[in-house]
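Quick one: structure below, then a few questions.
Just so it is clear, A, B, C, D, E and F label the chains in written order, and each chain counts residues from 1 on its own.
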Amino acid sequence: MDKIEEICRKRKQAHQILLSMDSKVYRAFLDMEAAAYVDGALAKKYKELIAVGISVVTDCGSCMQWHIEQAVKAGADRQEVLEAVEVGMEMGGGRATVSARFALEVMDKVFGEPSPR
Amino acid sequence: MDKIEEICRKRKQAHQILLSMDSKVYRAFLDMEAAAYVDGALAKKYKELIAVGISVVTDCGSCMQWHIEQAVKAGADRQEVLEAVEVGMEMGGGRATVSARFALEVMDKVFGEPSPR
Amino acid sequence: MDKIEEICRKRKQAHQILLSMDSKVYRAFLDMEAAAYVDGALAKKYKELIAVGISVVTDCGSCMQWHIEQAVKAGADRQEVLEAVEVGMEMGGGRATVSARFALEVMDKVFGEPSPR
Amino acid sequence: MDKIEEICRKRKQAHQILLSMDSKVYRAFLDMEAAAYVDGALAKKYKELIAVGISVVTDCGSCMQWHIEQAVKAGADRQEVLEAVEVGMEMGGGRATVSARFALEVMDKVFGEPSPR
Amino acid sequence: MDKIEEICRKRKQAHQILLSMDSKVYRAFLDMEAAAYVDGALAKKYKELIAVGISVVTDCGSCMQWHIEQAVKAGADRQEVLEAVEVGMEMGGGRATVSARFALEVMDKVFGEPSPR
Amino acid sequence: MDKIEEICRKRKQAHQILLSMDSKVYRAFLDMEAAAYVDGALAKKYKELIAVGISVVTDCGSCMQWHIEQAVKAGADRQEVLEAVEVGMEMGGGRATVSARFALEVMDKVFGEPSPR
């Protein structure tokens, strides 16, 4: 199983466990997440791209996978995702260029074909 | 001198020192910054808002001041800035709600009147 | 105004602004916070001390002020707070010993008399 | 070999190498660790749970594995570990909910049966 | 494929993609990197060792692999690399001792024989 | 009192409190610190410069003040300190260029005259 599939499987599993254990903290987090990414003054697409930039700086692979996928579902194209990743690289330097590699892998998967190289 | 003015003064001073000391690393950083925030597939406004979200998560006051100001110059309104800050709070939790306070102060300054409270 | 008072004033102000601007993300965060610190299998006192340790590692002054105060209200004494800070220092090394200084200042304030020195 | 076993193997191996290379910094770290987790005003169990919360916020898998195991040896039950993880999620937001997934895996291993799901 | 080889393969692949997608941010980053590690008042060897210490504190495996290799090419021996890692452990505490394990693996590979243990 | 003097005063005060409260964790940390910065295979000067680079990336003002001063006492000149700061900027990007401003202030103080600007 590749890293992206493993992330998706583990996200679902943890989600089920936390609900089964009746974690009220996690439930409130789900509400916070729902509130954060609705279409508002900013369209959902841009909110997801903000999360992509944050994910690069905090080196969160699962966050990159999720928010790139959501951004694309909300209409973002490959160049837009790249430019969000670039803002992460500018803010986070060499450390972030390493995190950004996984974002590129996710983009290949989400867009269904490899990047030009 | 308030905190926002002090940030601006120190940014300018450090900029001058690094150029006077002929820091080639800093010069390359300036190029990276210039490249990251041009209008591209994503408009500059959205790139600045991505940086605002990152600034909240990394608790960078100077970054919040700069990128909120740039976002507003590029057309962002108060609610759009708030929603970028909210994405930062969702990604960064309680720690980020503390950082976000300074973003609210910057917003009061940039929009020239206090938030409703 | 000293740093601790300023933190308290800014916390209240940001709280009011975020509610006035009707931030649903912030409201959900307040629910998450309420859920996290109730007496549960772990008493509130210990949950607050966990937050103290996290605050030291993430260098969050406002978090130290809040969670030390809450821990003490829930029954923690000076030595217990110190030991939570020590876990933060063990996990976070030299960087955390710097953050821990503010925890000591908060302790002086909360316990109403200076530490022995 | 699964991730938890690999962590344990690598911890032992690094421990041996650092002692063989006579790292005095590492030796002092071991003393610091020993001092941090003794029963004191706070029982060892609670100190380990503080470390669990910190591990979630700093996304340290090895730390989660170690400190959850130590907390359980010192008497913590599943719900207590979960509540420590929840404090980490409150403090660290969406980023920490991702880290928390590994804590759930460690709990399944340590308690010898899967969580309800 | 082991973790070190995978890092090297992914670094090359991401490098090619970012150049193919004409990322001007990444190009400026490459200039910044080139400027940072030239022989200057500080020899390249010491600059690479600074980066090794930073990599330990930021838990960046790819950075450890790259900068240890570069440090050794610039003349650093095993004990010098270890001492840079030790500074990282002092600054970053228990969290950094976990990151440091991968630095030890890289050292085994770079020096072509296992550490004494 | 300026920020640098305040850092020095607070460091001393916290040091005294932690010793008065008999913190064994802090005592072990002092041993770790002593072990990390001795002249070894790497001279103390270079170890202090590694800590300077780390301090920039972790945005630790007190660490910058201390380690720049120690580096200079151990023989580092202004350009060498700058190059250590530059490695921090390369590794940490825009966020680190903000932290680096305080390093420049410390350099002005330590070298007894302002940088050219």
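Assume a residue touches a chain if its C-beta (ideal position, glycine included) is under 8 Å from a C-beta of that chain, and two chains touch if they have at least 3 such contacts.
In this text the structure is predicted, and so the values were computed from the model without any measurement.
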Reference subunit F; chain at largest CA-centroid distance: A
Pair from B-E, B-D or B-F with over half of its contact pairs in common with A-C: B-E
Type of subunit A:subunit E copy interface by residue overlap (half), same or different: different
Averaged-CA centre spacing for the pair subunit C and subunit B, given as whole angstrom: 26
Between subunit E and subunit C, distance of the C-alpha-averaged centres to the nearest whole Å: 36
Where subunit C and subunit D are represented by their mean Cα positions, the distance between them in whole Å: 22
Per-residue multi-chain contacts in subunit D, two or more chains: 25, 29, 32-33, 35-36, 51, 57-58, 63, 79, 82, 86, 89-95
Residues on subunit E engaged by subunit C in the complex (per definition of touch): 57, 89-96
List of subunit F residues in touch with subunit E within their complex: 32-33, 35-37, 40-42, 46-47, 49-55, 57-58, 63, 77, 79-80, 82-84, 86-92
Residue ranges of subunit F in contact with subunit C within the complex: 10-11, 13-14, 16-18, 20-21, 23, 25-26, 29, 32-33, 51, 58, 60, 62-63
Subunit D to subunit A touching residues, read off their complex: 59, 79, 82, 86, 89-90, 93-95, 97-98, 100-101, 104-105, 115-117
Contact footprint of subunit D on subunit F as seen in their complex: 24-25, 27-29, 31-32, 34-36
